[in-house]
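Before any comments, here is the structure.
Every chain is named by a letter (A, B, C, D, E, F and G) in the order it is written, and numbering of its residues begins at 1.
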Amino acid sequence: MQMAPQMGYDRAITVFSPDGRLFQVEYAREAVKRGTTAVGIKAADGVVLLVDKRITSRLVEAASIEKIFQIDDHIGAATSGLVADARSLVDRARVEAQVNRVSYDELIGVEVISKKICDHKQTYTQYGGVRPYGTCLLLPDADHLHLWLYLCLLPCTLLEYKATAIGAGRNAVVEVFEADYREDMNIEAAILLGLDALYKAAEGKLDAGTLEVGVVSLQDKQFRKLGPEEVGNYVQQILEKNKGTENKE
Amino acid sequence: MQMAPQMGYDRAITVFSPDGRLFQVEYAREAVKRGTTAVGIKAADGVVLLVDKRITSRLVEAASIEKIFQIDDHIGAATSGLVADARSLVDRARVEAQVNRVSYDELIGVEVISKKICDHKQTYTQYGGVRPYGTCLLLPDADHLHLWLYLCLLPCTLLEYKATAIGAGRNAVVEVFEADYREDMNIEAAILLGLDALYKAAEGKLDAGTLEVGVVSLQDKQFRKLGPEEVGNYVQQILEKNKGTENKE
Amino acid sequence: MQMAPQMGYDRAITVFSPDGRLFQVEYAREAVKRGTTAVGIKAADGVVLLVDKRITSRLVEAASIEKIFQIDDHIGAATSGLVADARSLVDRARVEAQVNRVSYDELIGVEVISKKICDHKQTYTQYGGVRPYGTCLLLPDADHLHLWLYLCLLPCTLLEYKATAIGAGRNAVVEVFEADYREDMNIEAAILLGLDALYKAAEGKLDAGTLEVGVVSLQDKQFRKLGPEEVGNYVQQILEKNKGTENKE
Amino acid sequence: MQMAPQMGYDRAITVFSPDGRLFQVEYAREAVKRGTTAVGIKAADGVVLLVDKRITSRLVEAASIEKIFQIDDHIGAATSGLVADARSLVDRARVEAQVNRVSYDELIGVEVISKKICDHKQTYTQYGGVRPYGTCLLLPDADHLHLWLYLCLLPCTLLEYKATAIGAGRNAVVEVFEADYREDMNIEAAILLGLDALYKAAEGKLDAGTLEVGVVSLQDKQFRKLGPEEVGNYVQQILEKNKGTENKE
Amino acid sequence: MQMAPQMGYDRAITVFSPDGRLFQVEYAREAVKRGTTAVGIKAADGVVLLVDKRITSRLVEAASIEKIFQIDDHIGAATSGLVADARSLVDRARVEAQVNRVSYDELIGVEVISKKICDHKQTYTQYGGVRPYGTCLLLPDADHLHLWLYLCLLPCTLLEYKATAIGAGRNAVVEVFEADYREDMNIEAAILLGLDALYKAAEGKLDAGTLEVGVVSLQDKQFRKLGPEEVGNYVQQILEKNKGTENKE
Amino acid sequence: MQMAPQMGYDRAITVFSPDGRLFQVEYAREAVKRGTTAVGIKAADGVVLLVDKRITSRLVEAASIEKIFQIDDHIGAATSGLVADARSLVDRARVEAQVNRVSYDELIGVEVISKKICDHKQTYTQYGGVRPYGTCLLLPDADHLHLWLYLCLLPCTLLEYKATAIGAGRNAVVEVFEADYREDMNIEAAILLGLDALYKAAEGKLDAGTLEVGVVSLQDKQFRKLGPEEVGNYVQQILEKNKGTENKE
Amino acid sequence: MQMAPQMGYDRAITVFSPDGRLFQVEYAREAVKRGTTAVGIKAADGVVLLVDKRITSRLVEAASIEKIFQIDDHIGAATSGLVADARSLVDRARVEAQVNRVSYDELIGVEVISKKICDHKQTYTQYGGVRPYGTCLLLPDADHLHLWLYLCLLPCTLLEYKATAIGAGRNAVVEVFEADYREDMNIEAAILLGLDALYKAAEGKLDAGTLEVGVVSLQDKQFRKLGPEEVGNYVQQILEKNKGTENKE
């Protein structure tokens, strides 16, 4: 049988396999790979987050599915993976942000908040009786010197990316970025690049109604989510650009 | 054997399967699929809840089986799945509503109450020694700006629907809604649509004595359950409308 | 093998089966099905409880086996299933009744007491390290407006019945009730109906010495157990009525 | 294999079998069935306890093996099953008796003390991490109105008997009682009946040195154990009565 | 296979076997059977303890292996089985003895101290997460009325013996006692009887250097261990007595 | 099967194998062997740390992957193995360093800090419900008398090395050190030796952008990480030295 | 299969095997048998400890591997087995020594300290969720009357030896001692005897750089470790003595 290599080492986070792997942590990563595609891109003048929510039924209020969250005035988060786990981590991040305001009277940095979430997630990979978090966060930030896009991965590798994606469409999106990403693009160009990548990951299906876009710019350092009209305009440009190359399946 | 794919990954909520799934949470969802059919519909002037209680013995006092609960003056809940679990969550919701009144001197919003229940349910999917809740709630609300119908799903996806159903008849009911639901229908039309869907889900069996109907309107923002007479009138209309197409089994 | 469908999902209350069932809770229900037959009947002027204790040895003091318990002046309980579990729940109900008297200076309602027992039993179906209660209670009550017969089932469905039974003879008894129960019968008729049903369930064996009968009437709202003489008279009527149709095994 | 029916449901007290049984509790009952034979008999003027201690080596001080314990001035207990478990329960009973004296300034009734022991034993059949008690107590009492012989069985059925036995010789002894017990016999006759039954259970072996006899009479309501001389006299009568019918194995 | 009868019932103290046995407790008893041979003999004027320590290497300081311990001025203990467990129980006994002195200003009786140790050991046979004690104590005592030799067995049977032994040579020693023990022998004769039995149990090997002998006499009621010279004299007598019958293996 | 030798002894840290090994601790060591290569070299005038971070995607900000951490002004740490575990231990080390400053008003020695981390890691190899740390630290220090390079290994052997490596390239690096290390080399020579070894371990691939180098010198006793320019210069020397011998795969 | 005899009784310290053995404790003993060879010898004027550290790589600072520890001014300890466990026990011993100084203002005796460590180790062999210590200590002491060499074995037998060894070379060393040890040898002769034994255990390999020697003399009662020069001189004598008989492998 093909399950033999694991031989039961994959039933608990407190058990290493003979080759030093923690299978449960790797399996939790699979939960993220099956999630909605979330994208983050660093532009010259800000950072951009995009999520394709993949809703099909007309009976669902698309606005009620939230995949991009405001953490504080200056920080947002795009999530993928188990929805309930994501909500739990977002709540934690929000509390950390408020604690920082009260304790030090200043805004928390995205690096600090990312490390705190990572440390929290690490404990869920070392002690028995719990499971690891099956979710992943993209955390952008724009301070006056640098632009950050921190990705809080599983089990808890903290990485700064120029542009990346998590979730089901990750491979397709990253392929686009490896080819077309340029560090000098502005926010508008970054949004279009992200939508183009999502368009390809979804094989030509792109619906302004089920897209969420969040932006934080160097200028005002405020994280805000774009309104449906703004998103619609960008989507329109992508659809026109790809006309003729659309996937007809 | 056909059980091989799970290979024991489905015996505890603290174990991910190799493809990142939490089987115990998915199995708990099955408990809901085997429950009574509960329906929620958003109308232009209110929200409607309906439950078909499926009682057969004449020795049972139908009134003693409660599937639609008053959470607070302005919020109700329709439940499906494990009865005891539903009671436990409803109690929790009621306490949250009272705490909000005392703490802030205002009525709790359905979004807030739904999130609190979801967060509570999430913890039952991450820690060992417990099982996930095997129940599902439909939570309607009517504030002066919007009409909400929040569905607190398993493991804990919080979704706003225009019209939806949970329980054994879900597929049959949703099929009716996908075809006939219109956002501009009023409360009366919504009740009739819901009864019609339940009539089809139950293959033509509809008994006013075993139906519960709850309504909250934009006008007075009070959640109330309809009396047996009111329900009887609506059922009569459905039975007449469907005369000739009745299921004779 | 015929055990295959469970595949180990039935070894703990914290594990759902793939089709969303809690086998341990269902197995606990079997403990009740193997218990003594306990019967409850709502009459027009009161509620009646009967238990057939099934004692065979002449060395046992029949009076020492108690299956119908006084909870408070106005509430009794008939039990079936694991004896020790029943005692534990009865004690809990008695405490709740006294707490209500002290806290609110009024008698507790049977609905309130039933819900409290149900909530208590629910926790024994969700947390590991314990087993569900293997017992069932019939709780009658008579307030000045209504007559109640609440049945506190497993895992914890709270149902009001007109007439019902639990334990080994349940099916035989319910069959009699479905045929002969009338809502306008008085207490005396209800006792005779119950004894008749127990007579049939026991295949013609009925011994006044091993029967317990409890009554609460609308008039005085006091729960009391009938003396051996009273019970003997009723049994005599049943035996005479069934003369000729007796089971001769 | 013949073990198949249990299929592992018998490894923990927190697991019901598919037919609603708690095997671990039933197995604990087997520990009692393998214990020394303890007998209790209600006479017209008192209650009698007898235990056959089955000692064979001349190197053991028979007096050091205690199977009949004084609980309070007016209550004794005969035990069978695991010795250490019996000691633990007897200690508990003694404490309950003293607590009653201090709290209410009166002697505890045997019914009260039996219920307290039963409630204690019930908790050891519902929670994980412990095993049920593998012991059984016979608790006699004589108040001015009634004579009691309470038997505190496993898992915790509380029964009042006229005459009964526990332990290895139970079946042989009960057979004698079913035939020869009369409610009007006095203490002396009850002791002789008990010894006769033990004589038959032990297949003709009866040694005054390894017998314990305890008595509580209606007259003085004091529980006392008979001295070796008294026991010797009774044994002598039994041996003479059975002369000629002795077992020669 | 020959292991089938246990079928896994022997892996935890919290699991009864179908015939009501606690295998783990029985296995712990085996640890004692493999221990050094410890002997206790009641004489007319005192009690005697002897242990054969079985040391072979000349590099070990025999005096550092202690098998007979002083519990209090008037009580000693001979141990067999797991050494570390014995030390733990001896420490407990010493504390109990001191507590008794402080609380009641009198010496503790051996019966009291034995019961306290037994109660302590019982808890290790009922709760999970621990193992039973794998050790056994012989506790002699001499008060002004009686001479006691209490044996604190596993799981916790408390027995008074005239003469007995525990450990690997138990059977051989007891055989000698059954034949030659007389209640009227004095301390000296008892020591010689014990050494003779150990001589036979060890098949003719007896070394004064590896023997421990403890004595408590009725006269002074002080427990003391004999010096090497005293022990040597006694051994010499045994060796001479058995000359010619020595084991030559 | 080849898994037979472990026979399940490798599923928990609380289980020894028959030959006295703790497999889980050995498996955790494998996690380190699969980590990035970290190198430490003691020079005559300081200690040097080098890590090759192995980053391939141009979308990752290499600077965000930190493998060499500042513990205090005078101590650094190079890590390999599970990233989250390393962060957890580094945090612990930093706290210990600050505690030492506050408590004793002096800098903590590397020996003290290493022992504290080791003691902490030991507890994770003896108690159930956790897993061992899957990470390893290299801790250099330079006090005015000696130069130290402490390696805090798994399970927790504390060793001082002249030059060593952990992680995937350990064997290749150590081979270079065994041949070419000299105790009298200065910091510059040590850096070049380390880079040369990493060059060979990576089979000729060496990128200044993904290398981290940390240095603490005897002169100023400050731990500092080299800037990208400094690292680039050293890499250039290695590449030129190895020109012609480059790996072309 | 050859594993059959254990049948799973060797997976937890809380499980006895049918023949009364604690396999996990025996397996822990194996960890000591695989450790470095530690030797202790009692001389007429002091006690000597020697450890052969077996270091091969020239990159390791031999001085950083410590196998002989100072416990207090007058007590040392030689260790073998799991390094981290040894450190943990040594720390405990040091604390006990300091507590004794503070509480009683006198030096702790080696017998007291050994018993405290043994008691501590015993608890790790009786309670679940931990593993036994996989290490062994040799504890020498010299008071003005006696010379002690206590060996704190697993599970916790406390023995005083004249001369003994633990670890991989134990058998070879003890063979030398059985032949050549004399109680009247002085410290110098004891060191040479120990080195000679280690020389034979290591099959002719003996390196002053990887040997540790500790001494406590009757004269000054201070435990001290010999400097490298002193050790070198002794080694030189052994090498010369064995010239011609060297192992050439």
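Convention: a contact is a pair of C-beta atoms (placed from the backbone, for glycine too) under 8 Å apart; a residue touches a chain by one contact, two chains touch by 3 or more.
This is a predicted model, so every value here is computed, not measured.
J.: On a C-alpha centroid basis, what's the spacing between subunit D and subunit E, in Å?
T.: 31
J.: I'd like to verify one number: the distance from the centre of subunit D to the centre of subunit F, where each centre is the average of its C-alpha atoms, in whole angstrom.
T.: 70
J.: Would you please write down the residue numbers of subunit A that are in contact with two or more other chains?
T.: Subunit A, residues with two or more chain partners: 13, 128-129.
J.: Taking touching chains as linked, do they make an open path (line), a single closed cycle (ring), a hub with spokes (star), an all-linked set (complete), or other?
T.: ring
J.: Name the chains in ring order, counting from subunit A in the direction that reaches subunit B next.
T.: The cyclic sequence of chains is A, B, C, D, E, G, F, beginning at subunit A and stepping to subunit B.
J.: Quick one: in the complex, what on subunit E touches subunit G?
T.: 3, 6, 10-13, 23-24, 27-34, 57-61, 63-65, 82-85, 87-88, 91, 124, 128-134
J.: Using the touch definition from the top, list the residues of subunit F that touch subunit G in their complex.
T.: 7-9, 13-22, 115, 118-119, 121-122, 125-129, 150, 155-164, 174, 177-178, 181
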